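Have a look at these structures, which come just after this line.
Shared between the two complexes below is subunit A, which has subunit B as its partner in the first and subunit C in the second.
Coming up: the complex of A and B.
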């Protein structure tokens, strides 16, 4: 029962609310940077609700079930992952051995769902976007996993997120060490790509392939994708907070501290996305397989050496 | 690898106007490109032949919202060439000021859009904010932000008030600081370099072969600028430099435009400070029979107008050639072999203007006209009839 509660209230409702808020922060900050006024607080929610009420069109030649189910799969995995992270964040003792693997796995599914959905729509632009997304997933997944390995090593090679949080509460956050800092930088870059934000919004590239995989989505299925992306904007930084910044604690002054850690991460992501043009897919591949992977390997080696 | 066709257009967020590029791609690489335009044809030349010489200026101005001074400028020069006659000094200066103001706002518009195409929306918004200053200055001068309606055969329609000059000067000069900051930012940004350097190279030979014009040719090392080659208005009396770079890639096209804006500021300043007194209009009465050509350097390259008069108050023939008409085919040389991501910025790099270009007719290989106005009406009626049948409305 308690798990159902976590799933619905924390995993879905709270994450959705915070994700929509994060998306508003992102849009507002972006707007202010660009001398615009920006949307009102409820705009992300209004967008979703409006889309929900629109007609869902299924293109001729699309594989109907896959087309409609992939946003559901993506959204469900985000909800599951968020519920898992909330459990770990609020009650570190309640995790299970290997939840680190499950979290990383669940956080990959949204990208996969976008790939599958894009291919299912049968649109050439969507296929192009999907193949780009596929290449991008192949590019950032390795450094992301390596970077996520650093806190595991520092916590004594235990693949349990709860223990990672506890270890950080005892020995200081992962990011206070050299290996932790490097890993955090790598992870932020990977998160940028996972969120498909500039400079890694290559799969969606509005001015090239008109939102790529999502080009044929409309109505409620598009709303699900939008909600999924907004929730990811909360879940991924939250994951980083757990891995590198000592998790969250909802008592006393720690509440402020937790919110601050999260907002700083969102701010970094927003700043990166507003100060860069989009790179090409081959450049992104070279970037992730080259310098970023090397950095993450260095971080792992340093972590093993205890630095 | 299998070939796919990726459509860009007729409606695509890349560009504001309807146009259709069909990119044949292998994976991400473009192996062939086909360009179709003609979605925007409005029959402006014909319209112009039905107006008198004065009214035509206003019609011509509406060929393009961005080159809204270049076309009237070339047209009025073509009409004046029929006499031939000279316009008053003050009018020449005012014409130069308006034309250069237009160049700045057009280049800024393009620079912002280029940022947008690269996904760099911050540049897009910043540059367009900067453009507001120029539009404000133009509004002080002409009363309009775009479509200035300043030109008329024989002079200009509206004088510049002495009291406005300091305001205009301040506004125009206020963009210099930001422009220089942008110039340095573009020159230094490694990610912009990665996206634009060596991309879509138009070599000097190809540029000459395609007769590319304006910034497109100047970025390829071809020093071609009507303002220098065949000076008009007061360009030969002012101190300014033609910007020429050698590489012909997208980066150079950006650089040429940014530096040209700084030159334009220089020109406007010199004109405003040395504005002579006197008449602004030669008050021409009747246009004699004959023909005239006018060509000027529009922001995108040379705009060419041909006007023939039979002594009545209307042009009997008016031909317009916009710079994009010459720059458009360079796609064949620049896009093939690049990736789709680059194709979009390369397509945008010539600063295409389709509504300027579109005055075409459909002909078959023997030169016979396939569709004329009557044919199009007939086709449209047939289609309506067919649709009515299909939808079951009866006939």
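Coming up: the complex of A and C.
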């Protein structure tokens, strides 16, 4: 029962509300950076409601079931991942051994659902976007896992998010050490690619392949994808807060700190997105497998040395 | 008014379809997205894919080549959708009225909800037109 409660209330409702808010923050900050006014607060919610009411078209030649089910798969994995993170964030003792691994693979499923959905739609532009997304996943997954390993090493090699949070509460946040800072930088870059935001919005590249994998989606399935992306905009920074910034605590002054940590991460992501041009897929691959992987290996080595 | 339509009017994503314009109208449409006019504050976004669109902004004189494509695009917009004709060309074929290549004006091919005259219309006029569209659809239901 308690798990169902976490899944529905924290995993879905709260995450969706915070995710929609985060995407409003993102759009508003983007607008302000460009000297515009920007959309009203409820705009992301209105977009979703509108898309729910629109017709859902299934292109001829698409494989119907895969096309309709992949957004559902993506959204449910985000819900599951955020429920897990909420449990860990609010009650560090309640995690289970290996939830670090579960969280990482649940956060990969959204990208895979986008890839599958894009291929299922049978549109050449969508296939192109999906194959780019696939390369991008291959590129960022390695440094991301290495960077996420740093807090595990510092917490004494326990693959439990709860213990990582507790260890940080005792010894100070991971990001206060040299290895932690490097790992955090790597992780922010990887999150940027996971969210498919500029400069790594190569799979969606609006100006060349008009939203890539999502080109043939309409109506409620597009709404699910948008909701999934908005929720990811909350879940991924939240994951980073747990791994590197000492998690969240909802008591007294700590509420303010928790919100502040999260907002700073979102602001960094938004600023990166607004001040960079899009790179090519081969450049992104070289970037992630070259400097970023080297940085994350250095971070792991430093963490093993105890720095 | 139904929830569906209410949400649609608060977040109309526009798709920009040129049926052989001189490109001037298209530039004016893009002007609406610039910081000076910023139509995103009304929730409007420029949709890249026709399947994401709610409002079709049609410019140009509907020549024989593009009419076929335009009809096909119109069939692909998920319903409910609205059509706005922008510029003299789309309204009445403008200076191409005697051309062998532009047999009929736009509103005899697909249903048009709002006409925005001008050659090209100013961005202010386009925004005013979209406001009229929202009022019209809002009062009709």
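Note that the second predicted complex is superposed on the first by the 307 of 307 C-alpha atoms of A that agree within 3 Å, B and C clash if a C-alpha of one lies under 4 Å from a C-alpha of the other, contacts with A are read in each partner's own complex, and residues count from 1 in each chain.
Simple rule for what comes next: a contact is a pair of C-beta atoms (placed from the backbone, for glycine too) under 8 Å apart; a residue touches a chain by one contact, two chains touch by 3 or more.
What you are looking at is a predicted structure, and each value in this text was computed from that prediction instead of being measured.
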| item | value |
| --- | --- |
| Touching partner for A:13 - first (subunit B), second (subunit C), both, neither | neither |
| Contacts of A:278 with subunit B and subunit C, given as first, second, both or neither | first |
| Which of subunit B and subunit C A:55 touches, first, second, both or neither | second |
| Which superposed partner A:34 touches (first subunit B, second subunit C, both, neither) | both |
| Which of subunit B and subunit C A:47 touches, first, second, both or neither | second |
| Subunit A positions touched by subunit B in one structure and by subunit C in the second | 34-36, 206-207, 210 |
| Interface residues, subunit A side, partner subunit B - complex | 30, 33-36, 124-125, 127-128, 131-132, 198-199, 201-202, 205-210, 274-283 |
| Complex contacts: residues of subunit B adjacent to subunit A | 4-7, 12-14, 27-28, 115-126, 129, 189, 191-192, 194-195, 339-344 |
| Subunit C partner contacts - residues on subunit A that touch it in the complex | 27, 31, 34-40, 43, 46-47, 49-50, 53-57, 206-207, 210-211, 214-219, 222 |
| Of all residues in subunit C, those that touch subunit A in their complex | 3-5, 7-8, 10-11, 35, 38, 40-41, 43, 48-49, 51-52, 54, 76, 78-80 |
